[in-house]
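Before I ask anything, let me first share the structure, which is written out below as structure tokens.
Chains here go by letter, A, B, C and D, matching the order in which they are written, and residues are numbered from 1 within each.
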Amino acid sequence: MRTRFGDRVLHWYTWLIILWLSSPIAVMIVFGFNDKKSKSNTSWQGFTLKWYQELFAIDGLTEALINSIVIAVVSTILATTLGTLLGLAVGRYRFRGKGLTNFLIFAAISTPELVMGASLLSLFVSANAPRGHVTIIIAHTLFSLAFVVVTVRARVVVLDPSLEEAARDLGAGTWETFRLVTLPSIMPGVAAGAMLAFALSIDDYVVTSFVNGSELTFPLWIIGSVKVGIPAQVNVMGTLIFALGALVAIANSVSSRRRAAR
Amino acid sequence: MGRRAPYWLALPGWLWLGIFLVVPIAAMASVSLTTGNLIEGFAQTLSVSNYSDAIAKYSTQLVRSLVYGGVATLLMLLLGYPVAYWIAFKGGSRKSMYLFLLLLPFFVSFVLRTISWGFLLADDGILFGTLKGWGVLPTDFHVLATTVAVIGGLVYNFLPFMILPIYVALERVDPRVIEAAYDLYASRFDAFRRVVLPLSLPGVFAGVLMTFVPATADPVNAAVLGGTGNTMIGNIIQTEYLVNSNYPTASALSFTLMAVLLIGIFIYARTLGTDNVLEAAAR
Amino acid sequence: MNNPLLRGLTQSRYSRRDAMRVAGFSAAGLALAACGVQGQKAAPPKASEVADFWSTQKKNGQVVFANWPEYMPEDQGPLKKFQQATGISYEYKEVIQENADFFGKSEPQLRAGQPLGYDIIVMTNGLQLAKMITLGYLVALDHKQLPNFAANAGAKYKNPSFDPNNQFTIPWQAGVTGIAYNTKYVKEDITSIQSLFDKKYEGKVGMMADAQEIANFAMFAVGVDPDKSTQADWEKAGAKLAEQRDSGVVRKYYDQSYIDAVAKGDIWLSQAWSGDVFQRQLAGEPVKFVVPAEGGTIWVDNMAIPKGAANPVDALMLMDFMYQPEIAAELTEYIQYVTPVPGVQAILAAKDDKDAKALAESPLIFPTDDDYAKLRSYKTLTAAEETVFNGIFQSITQG
Amino acid sequence: MTEAIPAIELDGVVKEYLSHGETVQAVKGVSLAIGEGEFFSLLGPSGCGKTTTMRMIAGFEEPTKGVVKLLGQDVTDVPPNKRDINMVFQSYALFPHMNVWENVAFGLRRRKVAEAEIKQRVGEILEIVDLTGREKRRPREMSGGQQQRVALARALVNRPRALLLDEPLGALDLKLRQLMQIELKRIQREVGITFVYVTHDQNEALTMSDRIAVMNDGLVEQLAGPREIYERPATKFVAGFIGTSNLLSGTVDSINGSAAVVRLGAEDRILVAGPSAAGETVDLTVRPEKITISTEQPEGELSVVRGTVNEVVYLGTYNSYAVGLADGAEIMVFQQNANDSSVTAERGDTVWLSWQPQHSYAL
């Protein structure tokens, strides 16, 4: 009976934490319905749906939102791919350069964002590489990469190597072994890493502000608009990002379950 | 896969980190040894005085950042572990859903979250205003613009980064080993301490690395939630770089911060009994 | 510059830079860093040079305008009218979020001699704009092509101390730094800057994190005109601010979020920008704005042409177009900040529109002459002064 | 054994590792041939190199030196997925994200066997291992014994030329282990393929094997049938490792025809073949169950020693005596409880121990 009670307490506790983390989002969603009269959007002035109707009325904002989503998706895919491979390498093998690799991963996490942004910009400027989508994706992949490596690695070090040996023993080649056994086994780590990468990318301001050239992302546009007043469409779009995030995560969990079932 | 397997696996990541991290950071390291100002130009003098000056001038903020980061990390560990534990062992088929719910608020820009927090935690807002109205709280009670708010903000913003890796490690633990521990006369606490906790340590380490390091370097929470005397080293680096255009000092401070963080992680790894610190640093 | 030897030198430098690029990322990055950052301090351009420059430039039929978000009506009416009137097509980009961030990002590109890709940028007068000017990153304007500015700009917006004779910049919009207070909590009429230092508002006072903003107010408080201030004055002002902080009067040094704090009552009074307060009043919040008797600060967001801009003539035409009172009025109606075109007030007042009339009547959009008399600009600082100045005031905000 | 090509052949196989900068030899030169259809065990204590040897047969480790042949073909460089042998792992290595059916069908799918045939073969093998009806279970939801049988089925369903088993019963309880030993032997007979069985459990090896290679410190100490291994251990190590052995040490007193006479005390006389000159020191061994214990001195051409009973333990089917000798050595004696007079001697009694000369021999 004690077990059940403890589990129930933990269950409620988990929901409490989720609630805590989501509480500001509730405010954001509510103010997406605020019939505000001035540019500021902080006091409740009545209910309206007009911001939903005029959702795409601000061209720059719409474009910034699309940019953010495209960049987050692409950099998440890149960072998850590179990070998973690197996480496997450092989690599994002993090889020359492993210490250095681990140090690089530490460096990537501990470099202050501003330094990363500024030094990347110097690199792009000295290489005369035009700033835009590509450079933002490069930067986002860079800082997400290390987080993916760390989560994947935490999983790889507890992975039973005989699982892969069994697969190869049963006739699976290198790629089949990876696809059918290794990847599903480390999937929780990969999925967690990918979620972190997406969150890091879509929320990044500092690094992006250096390497964006004239492309804008959602956070950048919002910060600029603080000066005059954040339009309510931002709240609506935040609400939609929230919903879209839900969709991506559900798709992810469904597909991983399906993969596991195959 | 042969002996070269790790190199093939690591190659793309190495290239990425090499080109986009090592080269620019090396250039930054070089900048940290220059002297001058933006108008007159910076000359390479290989001067280390940037480091000694910056440390002397900003030691308060540096120490403060480490304390805030450390306390926040400890709180995150205490708050996050039970969540990771519950999801890993009791989450069933909804594990991914719980994780996503934990992370989802961070898909929305921090500016919006911040404004919302300001609304919720206002001195006379819906929470404290109500409590003050009931007389539960003294009228001058406030959370915003305090140390508590800064540390709370760090905990809030990095908590998922603690929960996810711990979850990832715990999810792998076969529940039967816990039963085995009970079978061997372990109490619930013993089973946790002797069996579950050691098995989750790689995740705990990853979580600490992913939270302590960015929390200590974070400039946002102190700026948004802190009051006077809450400035952290991340804010100083920003000011030195962006406002003062003092690139050498900003670079020197950044490397000092990274070195201090590395030492912190080193000590932590040692306490955990890991002998290879670099390996531990990325675990 | 027609000296072949000189030209040879310049060209070889260029090819060396190109060679560095070819040598690969790492070599280039490291090489740049190893030689340090070259100083760009530029001598002020001679009038003849400016004339020569403009004489070689032509209208290209396109222009790229970089501005802050929410600084242009959503339908981009003024820009569309510009296109109709001139046939110049425009690109409007809301890429500027912060003066410091924008400068930090643009500086390496301008230093490397690469164009930003914008023909007009908008920056607030302050440290970063001063550096842009000092480093020679801005194109000197040809005032012969700015007739509307000459005719319609208010006298107070011409010949500012930070840019004598508007050599590099002309104003986009302006604002006033004064004191905002929440009338729900503050029952007296605030008139003096001393209220910000009053012990009875302990923990309820907001000050700005920006060094120049707090410096100006502290100097007003100790009776110094910022424009004429010396290092000794700064130290005196710094001491005043340190005392204010250490006695617990200041709750926090704010960025723009101060206005939320005032509106919600987290702080009762604060240094404030006029436009923010106007927005809160429109929203019906109990916020009042006052230019203190001792003085207030006027700041200006300025249009400028960055070095390397591809379409300087088109840029000048666009800048000047915005100085037609009708166009300026359209901007003010949307942006609701202080306009540099005084003629707008009459146009708005004549409109058959309640909101427009409210704007015309608000001293927050059209400060009174009395207010203007009290307003000062930020002190323009040399590089050496800036180091000292920032040292004094940043140690207050970043303690 | 058949004269045909051996199923598995190792020729001078050496495996070296680098560990903390030092070269460690895990296998120091092993040569052996395993016949087709044979149940062959690699037996030895942990760290003796038996698992490494098996992993080289499977292809997970590449020998530093030497050659591995399967059916006469050199496969030293062939990766495991291209070798026609399968393995049952110590931890079973069942894929946790797949159910029983998917686990068992894994190998067939890799070989692109037609779905219909997969269905039939998996069904058959699950019947053999008695898991029909549990196809949808996940490994985590099954008992250790069931998991073990899934692992076996997963390997056998591919009809490999040889099956390698790495301590597959180690995780099971005694009763289940004994059942599975018989089961394994039955299955091996049924499918008729070569089994290579790695174990540290001598009983298991003795019960099931046709031949056993006893390994120690990277070398094969003895390769023989179970009976020979037990009755005539070739080395001191084998004698000590397999079953219970009494190791005695003494000096040759005289040579009596084909046998040397060793004396430990005045009344002792041990006859042993081998040594050829008096004065030689000999190590010799005798199994406890070969010794007869009596309270009177026995007659005849036997090896006889005199001692004092230190301990008597009743063990159901037999009694175990610990008898101290004149020189301080202790001998174990097992006496079957065949007749009524179950206990021959009590603690402290003086007894004579005797055995047929052929049951002790010099090492």
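Following the convention adopted for this analysis, a residue touches a chain if its C-beta (ideal position, glycine included) is under 8 Å from a C-beta of that chain, and two chains touch if they have at least 3 such contacts.
From a predicted model like this one, the values you see are computed outputs, not experimental measurements.
With centres computed as the average of Cα coordinates, no chain lies farther from chain D than C. Comparing chain pairs B-C and A-B by the number of C-beta pairs in contact, the larger count belongs to A-B. Chain centres here are Cα means. That of chain C falls 87 Å from that of chain D.
Taking each chain's centre as the average of its CA atoms, chain B and chain C sit 35 Å apart. Our note on geometry: chain A versus chain B, Cα centroid distance of 16 Å, whole angstroms.
Chain B and chain D have centres, each the mean of its CA atoms, that are 55 Å apart. Residue positions of chain B touching 2 or more other chains, listed in rising order: 23-24, 27-28, 114-115, 119, 241-242. Contacts with at least two other chains are made by residues 42, 118, 122-123, 222-223, 226 of chain A. Those residues of chain C that touch chain B in the complex are listed here as 25-26, 29-30, 32-41, 98, 100-101, 103-104, 107, 127, 131, 134-135, 203, 209, 211, 245, 250-253, 255, 257, 260-261, 264-266, 383, 386-387, 390, 394, 397-399. Of all the residues in chain B, the ones that touch chain A in their complex are 1, 5-7, 9-10, 12-14, 16-17, 20-25, 27-28, 79-80, 82-83, 85-87, 90, 93, 95-117, 119-120, 156, 159-161, 164-165, 167-169, 171-173, 188, 199, 202-203, 205-206, 209-210, 213-214, 217, 219, 234, 237-238, 241-242, 250-251, 254, 257-258, 261-262, 265, 276, 278-279, 281-283. Partner chain D is touched in their complex by these residues of chain A: 160, 162-163, 165-173, 176-177, 180-181, 184-185, 187, 260, 262. Those residues of chain B that touch chain C in the shared complex are 19, 23-24, 26-28, 30-31, 34, 36-44, 60-61, 114-115, 118-119, 122-125, 140, 142, 144-145, 223-224, 226-229, 231, 235-236, 239, 241-245, 247. Interface residues of chain A facing chain C in the complex, by the touch rule stated above, are 36-40, 42-43, 45, 57-61, 118, 121-123, 125-128, 209-210, 212-214, 216, 220-229, 231.
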